[in-house]
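What follows are several structures.
In the two assemblies presented below, chain A is common to both, partnered first by chain B and then by chain C.
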Partner chain A sequence: MRRAALLAATLVAASMAGGTARAEPDNYTEAARGRYLTVLGDCMACHIGPDGQSLAGGHLLETPFGKISVPNITPDNDTGIGRWTADDFHNAMHNGKRPDGTHLYPAFPYTSFTRMSRADNDAVLAYLRSRPAVENRVDRDTLPFPFNIRLLMAGWNWLNFTPGEFRPDPQRSAEFNRGAYLVEGPGHCGLCHTPRNLIGGDRDSEHLQGGALQGWFAPNITADARLGIGDWSQEEIVAYLRTGHTDRTAASGPMAEVVAYSTSQMTEEDLKAIAIYLRERGAAAPPAPPAVSAEDPRMRAGEAVYADTCAACHVGNGSGVAGMFPRLANNQLVRQDDPTGILRVVLQGSRSVATPEAPTAPAMPSLGWRLNDQQAADVATYIRNSWGNAAPPVTPDQVRKMREVVADRPG
Partner chain B sequence: MSRLPKKDVVIIGLGWTGSIMAHELAQAGLDVVAIERGPWRDTASDYNIGTAPDELRYAIRQDIFLRPAQETLTARNTPDQVALPIRKYGSFLPGNGVGGAGVHWNGHTWRFMPTDFNLRSHLVGRYGEGFLPEHSTIQDWPVSYDELEPHYDFFEKVCGISGKAGNLRGATQAGGNPFEGWRSDEYPTPPLKPNLAQNLFHKAATELGLHPFPLPGANVSTAYTNPYGVRMAPCTYCGFCEWFGCANYSKSSPQTCVLPVLMRQTNFEARTLSEVTKINLAPDGKTATGVTYVDSAGREWEQPADLVLLCAYSLFNVRLLMLSGIGTQYDPATGKGTLGRNYAYQTNAGSLGYFDKDTHFNHFAGAGSLGMMADDFNGDVFDHGPHGFIGGANLACNSTNARPISSRVVPPGTPRWGAQWKKATVETANHTANVGSQGSSYSYRDCYLDLDPTYKDPLGRPLMRMTFDFKENELKMSRFIVDRTAEVMQAMGAKQVVKNYKRGPWDVVPYQTTHNTGGAVMGNTPEDSVVNRYTQHWDVPNVFVSGACLFPQNAGYNPTGTVGALTYWALDAIKNRYLKNPGQPMVQA
Partner chain C sequence: MPALTRRHLLSATALVAFSSSALGRSLTGSLPWQPNEAYPPQLVRPGGWYFLTADEAAMVDAIVTRFIPADDLSPSGKDAGCTVFIDRQLAGPYGTYEWLYMKGPFSANPLPTQGIQSPLVPQQQYRQGLAALAAHCRDQFGGKRFEQLTGDEQDGVLRAMEKNELQLGQLKRPLLDAKMFFDLLLQNTMEGFFADPVYGGNRDMVGWKMVGFPGTRYDFRDVLANPGQVYNKPPVSIIGRPAWNGRPA
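Here is the complex of A and B:
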């Protein structure tokens, strides 16, 4: 109402008056460009502050080497990055180093951000400086020995890291190159979707072929039709990234955050570029295993569990319900070699993402309490080997181990 | 008491009407807070498919309903009796928590007939003044069917109602209800698939010259995206509908139709486990200044607001007006005063049919709104002249469920326990069907609501007292209807038909229906109504009232469709007229 409008105008005026200490008023274009780059980089997913709005950091990010606390990147002088210069910021993004020369850990994806230009990094910093400073002191030394020795990263970088800006391929279309920049640079898709070697570096030969993380499995996103996105149309990829929901699937787990904070806010052109790049960059996946026979006792048992427990929503023929309950028939996500994803969802349940275009966000309930290890394994085996799917059978032992994973990660 | 920053709008209760009001007004840019007595509830965490189909928890122990300890009423049949408190809800079951009764309903979503709105003038015109029952206080609604039609249509689209139109802009449609008011559009989703009972009813009713059609239901039959962008999935006929939250996103409710978009609005806030105790008035008594509420820790808060919307359950809207001293209490002795006047209910009865052992009804493959209907004896479709009563009912053959605890039909004369009972249960199970009816309940001078002189709630406020009984007109109407249901049942091939006539006096114990209407009725003058035609309070123009308490009398249909239409009708007036001139009455008394 009128008073609310007046209040809003006052707030805008106040923020502009205070702005001289932060963003220059004529810096608006630069800061706005930086804001969009933070969307592309999904900064919020990791750096979200205790207030749920700022980038004040503080939560613990799970890595195979221990939990690492996420820093405050608001412009607070004492607890954030208020004292950082543009050179400092670029050095962090491009080389993975802090202003004092010590190493950052690659949970901060400088291995991808190094592809970003100096101009982009300056814009990101301009945006971060335009935001209110939030005081939130974060204990940065949470990793256990020996990983708490930052100097180790010098050797890690020598083995796993090649700094350098993105270079477009002149043989390819502008859209392909834009997509490549987004996926390999700010989007840092490989951080989750590329498998890791023993010391946590990318297995470059298996780039984007799917990786385990945080008790989930980030699926193959190469153009392989069996396991990757080769069977997805450009429109479907765009719709998935924009809304989080398609006939085939619903974004949940860590990807729900990616869609909520990043891809749902990207421009249509950028989503299209990502789809074009992923579809054209090539296919890679191991060959298909033979499907488990429908006569196999595990399949028969799994079919019975499916009829009782799953078919009401996912339908007897695995078709699901468009935009609500994922299709299981001919679905890459259920037939990844690693069954972590399907077992996690069956045992713990999962809430899909809500976006402006798909606000419903249906949830998969936890069924771990009513299926024993054998039943959960059998139903997973059945889903992974029915309606056009073929994947290695799931064992009760895998389910038992997944229960431990889930127990460590409640809700 | 702590005073909170002022809001543009405070909404009391976050059920169907509260969530719709909140969403539309927040979208219009207003700063809105809803205060809800019960807990937050959503499909994913509270109506999870792994735990939702639990008959003992939800249907028997009434898990999601209002507890008498939170609020109850005293009840009596006539003004000369002493009312006693309802200590266990039975005859009706109000909801509790976000979503309200919109969570646990069956989903029957009707439009009242055009003649239900101009009821008094229509009946007097056709039969004469003397034909109306003695001491009846029926009156015309201040809105017409034509005015409500676009709002019925939009509410149906928000819900995704499944059904088949019988009258599209005046053109009769095969397969639909030929007696319904005109519709501007077909139903959003097709009818549910009939089970055996519906098919038998359809055939029998057709043979008897009736006009059967599928029940319009808030159980969507196909995947559906509503005008707000919220998605629903097709009903799975699981048989856990009434008294349960839907786990499949198939039953229309605030949760499945409105809350996903409402909760994304940054200018909306829901405060749960907080009970509004009073609407506060300015010293002149003509303007509400906001509300007072008590949170779950017992702390008292004042929430100032420019606009106060009463969106609690119909009975509790009436009580809150009484407790706040807004309006004049109705007095049956003098007929003066309007608050609490014209309380009415619903007159339901039917016939039960026992079939041979080769007839398997499989009602367990059911849905709250899976039914076949006939409206040939509803409203004033038929000539009442020879019958000596007014009103009517729809005939319904539903397959809602065959849940194991409650679905234990045995023939008359069977012992209530022991070997004979078990044997009869086995022999009868799956071989019975019911033809029921939702009958009209008209208003009478001595059926009303007021504050009880004796009994108080935990906060020391008087309970509301309900004085109600079924009157001879309604019982006569219902006897006529039950005879019709029995004829259909006979034609369906039942080997034995048991007629269950409605009998007085009204009893608070057995469940009948949660269709409590009136008490804060809408009307054309302050002498016969609490609110004007835009649901705006006559005395306090920045207070609006929602719900079935607005009905001057109840028709032969479930009320929710009309409650939804009235909500959008009121919103249209609030957004397009009231807000341009806030605080002013939209109808001059």
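Here is the complex of A and C:
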């Protein structure tokens, strides 16, 4: 017992000593700025290490092309980026290239980070260097052939990537420009919220109009009122990003991580800037389909399932309970053209995010066992076409495919 | 399980005493939740008999139909699926008292508070009890089987069992006697008539419709807001109701 205590004390002392030695006092300001930039960039969501605290990487990112292992970006000399120079780091962020000139894969969002300034990149590196080195060797060659050929990315970049720093629009307000920088640069919102083309590049003509990924659907976040955030006030967007919760909805799935690691830690000014940019940059969405008639047999069956299964929390009129259970009436999330999100939550259940200001993280139980494919499809069709919602009906086949998706995914 | 020794007891006490921080623990963060987490009931297996023989099932059909005859309140116990329910229960963990302590002593004259006393598990009680009952009917009614008796004759046999005025072959307490078997049959029939339809009985929720039980609903705020109004929502099983499949209730 005493030996263990001594050992622990020594370890603590040693690690503290290590920490102090690293954080050079003269670049504290730069490192602190870099820390906030890593929050803006949500580095943690992907680079989180096996210890759950460091950026030591190691977990496998799911892409349509295979699983990509996330590298260690702690300053460990052998397994991290300890030997990288500031030029190396900038080259990775700005051009998507490693120090040896080989290509990074765009799962690392250099397509967005290229908008960041050299000064910001230097600050990020200063912060990363101030953190303890964590030894964690990551096998970086997990993609299957032919995607394991990094040189292919040269062609990909030619088609999909335009390097270049963010340039503010002098016609717009400072807040709008700040928001644009955050959304299009470090925040890399488009990585999820913009649909991908066949080779995984942004479909630029549909920027921020919603995209499918990892068995979820990141909704439209243009200013469109039906599918995007056009119906959301600036305050609602800010509250959503800060707490993960509004009367309308709750962040879950990958967005729950974004809120937990990134937006909940952003400053009020930056959240406002994001809201202003999203609300002012324009609306884009396909035209609304006609709502499925309430007399349709699918709607009748869906209404019965809803009344017995959903209404206790989400209430018969779809109003939900503010702060606890999302409102389904006039909810953009449930009426995206792609029903992935609603089916995933119905089949698998979901837990929203816990943030300091909304620590409860209400969860929804999995209902996949209780509903067959037709019933799950019908209740989704009903929700998507009631109380002011209108969206294409859901088919049992879509439910069956989603069951395969959620069976593979523990979370 | 090995007997508790003094050493075990002392070390267990010490463990509790020295790990008192584990007793008062504050939880922060989210409540436990797992994706896809569900503990669905095992749905009744379709078709045939899983424990009862065809002869036994015919006898149970007749008994549950005397307990719950078809009338203007409900269909019969047989048509409500009580025999299916009993068969599936006997074939499952209930049939062997999987969760019960089944060592002696067994009292032939237990106090009411002492609960189940038979060393026979339900599978044995049904098998031996039904065989003895069949033999009784054969001897008393000129070779007839229970299900071949008239309704009045069947009632007479059941009444005699209830009053323990009928001898079930060589069976006696604490193993089984007529009264014990009657109680078991009646208990299981009621369970079959009122348990969720997923277990094979209460077909189409007939038992619930009869007594006005709402089923697995758990939110009545909209009803409570309208006092004095007739409650007319159809019952819901664990796996739904006909309207979920677009069929009338």
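The definition used in the following text is that the second predicted complex is superposed on the first by the 388 of 411 C-alpha atoms of A that agree within 3 Å, B and C clash if a C-alpha of one lies under 4 Å from a C-alpha of the other, contacts with A are read in each partner's own complex, and residues count from 1 in each chain.
In the analysis below, contacts are C-beta pairs under 8 Å (C-beta built on N, C-alpha and C of every residue); 3 or more make two chains touch, one makes a residue touch a chain.
Everything quoted here is computed from the prediction, not taken from an experiment.
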Go through the superposed model and pick first if A:Ile149 touches only chain B, second if only chain C, both, or neither. neither
Contacts for A:Ala322 in the overlay, against chain B (first) and chain C (second): which applies, first, second, both or neither? first
Tell me which partner touches more residues of chain A in the superposed arrangement, chain B or chain C. C
Applying the document's definition of touch, where does A:Ala312 land relative to chain B and chain C: first, second, both, or neither? both
Touched partner set for A:Ala363, first chain B, second chain C, both or neither: both
For A:Ala288, is the partner it touches chain B (first), chain C (second), both, or none of the two (neither)? neither
Chain B versus chain C as contact partner of A:Leu60, first or second or both or neither: neither
Considering only touches as defined above, state whether A:Arg351 meets chain B (first), chain C (second), both or neither. both
For A:Arg300, is the partner it touches chain B (first), chain C (second), both, or none of the two (neither)? second
Output check: A:Ala86 vs chain B and chain C. Expected answer is one of first, second, both, neither. What do you get? neither
Going through chain A, the residues touched by chain B and also by chain C turn out to be 312-313, 349, 351, 354, 359-361, 363, 365-367, 369-370
Interfacial residue positions of chain C with respect to chain A in the complex: 28-31, 33, 35-38, 40, 216-219, 222, 236, 238-241, 243-246
Chain C partner contacts - residues on chain A that touch it in the complex: 297-298, 300-301, 304-305, 308, 311-313, 316, 347-351, 354, 359-361, 363, 365-371, 374-375, 378, 406-407, 409-411
Name, in rising order, each residue of chain B that touches chain A in their complex. 8, 29-31, 43-45, 48-51, 223, 225, 228-234, 236, 238, 247-249, 256, 260-261, 264, 306, 579
Interface with chain B, chain A side, in the complex: residues 1, 4, 312-313, 321-325, 349, 351, 354, 356-363, 365-367, 369-370
